[in-house]
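Shared between the two complexes below is chain A, which pairs with chain B and chain C, respectively.
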Partner chain A sequence: MIRLILLVAQKDLLIERRSRVLLWQVAPFGLMTLVLCGLAVGPNASTQAKLAPGLFYIVMTLVALLVINRTSQLEASRGTATSVQILGIDPGAVFLGKGLAMFFQLSIVGTALLAGTTVLLHVPLHAAILTLPVLLLATATLSLAGVLYGRIAASSANAGTLLPALALPAFAPVLIAGERAFSSLIAVGPLARWVWLLGVALGAYACVGLLLYGALEES
Partner chain B sequence: MKKLTRRALGPLALASSVATFVMGYFITPPDKVQGELARLVYIHPAQAWVALYLSFGAATIASALYLWPRTRSMVADRVAASAVEVSTLFIGLTLLTGSIWGRPTWGVWWVWDARLTSTAVLGVLMLGYLALRRANDDPQVRAKRSAVFAILTAVNIPIIHFSVMWWTTLHQGATVFTENRHLKIHGSMAWTLLLSFIALSLDFAWMVRARYRIADREAGQRNSELDAALKARRTESAS
Partner chain C sequence: MVVASLCDVVVTTGNFPLLSGVDLTLEGSTTYVITGPNGAGKTSLLRLLAGLEVPSRGSGTVLGFDICSAERRELRRHVGWLGHETSFYPDLSPTENLLFAARTTGADVDSIYSALDRVGLTHRAKVPLKSLSAGQQRRVSIAWFLVRRPQLWLMDEPFASLDDEGRVLISELIVAAQTGGATVVLTSHGALPAETLATSIVMVGGRIAEVAS
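Now for the complex of A and B:
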């Protein structure tokens, strides 16, 4: 199972390494959105720092949508799903493997965006460093949820516009928990409950994905 | 018996709805604190019960039945789709009546309150479900993806609920029972409230049944059109 998960993840990451979509399209989009957020908020440094956690997680969610769309497009190409079915690969391994690859990609972009947020929106450095583990947890949750929603929207008519309609409302808890945890690190507040919520969401998506990804692959 | 239940459902739903209106509007007294505004309690909690629990519960069970290979049938898929359509309508009505109550009570039409926000997010998820159904033409693909999406949404509901509850809340606590499970509402008010739950549950059942019948006929129409097209093609190739 672990070997299969790593193989699927390796395949997706190899495609990414060759196409460089993350580097040349997704990361610049994220940074540009962050700059636009800064422009929308105005030049007041304290206002920027106060709104930074929320803006950062909105940008992360938008970036996640791009990565999910890209990953699900790879699977939607003709014959891919049939090949996977014929090979008899465990759907659970495919789900976790794709989630792992997406987690890896989103973590890189997320870390770069966090550095950008720290510089552009005047976030205290200690809060940015301490929020990194929470960001990784939120990224893992977004990745597993993203694999499922991406598969649901894949091959449908207007999949590109359907995906945000399906996934964004479901990402709301991740956005709230991530933003609250980040804010708690900037100005002292409750942190444990938000980390716990992210953990529960991650567990729930992992269980549902392992149970139902096979049914999605059949369709 | 089945036929009788089927025939009685519509008149029962209508009669109980009319009775709720008459009792809620003319018979029950105005509230000591909230005055006439409290009459919304005879419609709003019952709408929320149908929108969030009854219809979504029905959709989730029907979706699970569809995904389970032994119970898989298009009946389950159509029931789930019908329940979600009705749920979307009731979510809209719940938000509308909540807003009408909130304006004079809180001074605004909308607040970023836990229950309002989670209900709105659920409403958007339901719209996503309906969009998903319209984006797939193949009935089997559509049914499978919609069923997974419905179950995924069901799993998400407690997470969404707790996230927005911890985030911020303004909404009042339980309306009917105290923390010790004692009734907070009495006499004609309590009976009208109970009647409103029965009336709206019957309305829900009638609407789902009507929507299911439409979906069933649409599927029958599609199949007969396909059969006719195949027959025409066979005749064409034979001649």
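Now for the complex of A and C:
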């Protein structure tokens, strides 16, 4: 199972390395959105720092939607989908493997966006560094939820527009918990409960994905 | 030896029937060619035999696997599939695609290179699949047959997009597969090469109208 997960993740990352969508499209989109957020908030540094966690996680969510859409489209064509079905790969391994690849991609973009947020929105450096583990936890949750909802949307002819409508409500707990945890690190506040919420969401999406991904593939 | 047995199988999409009460028995070491007009159900029958379609009525087994149950997923690992569309991942090279397929299924990785050589793609083995012509992309799928050596070969219009050399290659492989004990089922609109002796299955309106040796 672990070998299959790694093979699926390696394949998705190899395709990403070839196409460079993350580098030339997703990352610039995220950084431009972050700059626009900074401009929209205005020049006051304390206001920017106060709003930075929320703005950062909104940008992360938008970036995640792009990556999810891209990843779920890899097997969208009928020929590719059939070829992969014929291989008969364990659906649990496909779910976790694609989640792992997405986590790797989102972690890279997320770290770059966090650095951008620190510079552009005047976030204290110590808060940005301390929030990194929380960001990775939130990214892992977004990745597993993204693979699941990407698969659901992929079965529709309008996957690109259906995905945000389906996924954004599911991302809300991750966005809220990530933002609250980040804010708690900037202005001291309760952190554990938000980390716990992210952990529960990660576990829930892992269980649901392992149970349902095979059925979603068949549908 | 019976390879596949279908009894009154119905396959629908929405309310539209793709297959309407198909009864069919396929024997081992035999080549079958399915003919019929557009929309007759040729591709749907191939997909059913591959475990890619779920019957809404009837029963059947293919290679000993029940096609009406979750055994369909296991069945797929034992069939070879050549479809109309580009298969595998367009951004990966033929070698990378076949390596992924072989590693995930436990097939012989070393045989990939000889398979690519056999289908005449050694010189294009490392370029992205999307850079290859339609015929070359079909050859990659054929190379996978050689690596996997399935018991049941399912080929949808295998001669489409191929040049004369490619058609000869496919014909040779079909004959070799049949000689080696595999069962080959293919669809075709045109006449088959003379060396490809096949049992003919004629389909009309989602039903089997005639089976003739």
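The rule we apply is simple: the second predicted complex is superposed on the first by the 218 of 219 C-alpha atoms of A that agree within 3 Å, B and C clash if a C-alpha of one lies under 4 Å from a C-alpha of the other, contacts with A are read in each partner's own complex, and residues count from 1 in each chain.
As a working rule, a residue touches a chain if its C-beta (ideal position, glycine included) is under 8 Å from a C-beta of that chain, and two chains touch if they have at least 3 such contacts.
Remember, it's a predicted structure, so these values are computed and weren't measured experimentally.
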Partner chain in contact with A:I152 - chain B first, chain C second, else both or neither: first
Touched partner set for A:S77, first chain B, second chain C, both or neither: second
Which superposed partner A:L212 touches (first chain B, second chain C, both, neither): first
First, second, both or neither for A:L166, with chain B first and chain C second: first
Touched partner set for A:K11, first chain B, second chain C, both or neither: second
First (chain B), second (chain C), both or neither touched by A:T47: neither
Partner chain in contact with A:L197 - chain B first, chain C second, else both or neither: first
Set intersection of chain A contacts, chain C complex versus chain B complex: 218
Residue ranges of chain B touching chain A (in the complex, touch as defined): 67, 121-122, 124-125, 127-128, 131-132, 135-137, 140-141, 144-145, 147-149, 151-153, 155-156, 159-160, 162-164, 166-167
Residue numbers on chain A that touch chain B, as the complex places them: 148-149, 152-153, 155-159, 162, 165-166, 168-170, 172-173, 176-177, 180, 193-194, 197, 200-201, 204-205, 208, 212, 215-216, 218-219
Touch list for chain A against partner chain C, complex: 4, 7-8, 11, 14-15, 18-19, 74, 77-80, 82-83, 85-89, 214, 218
Chain C residues within the chain A interface of the complex: 50, 52, 54, 73-74, 76-77, 79-81, 83-92, 96, 100-101, 103-105, 128, 141
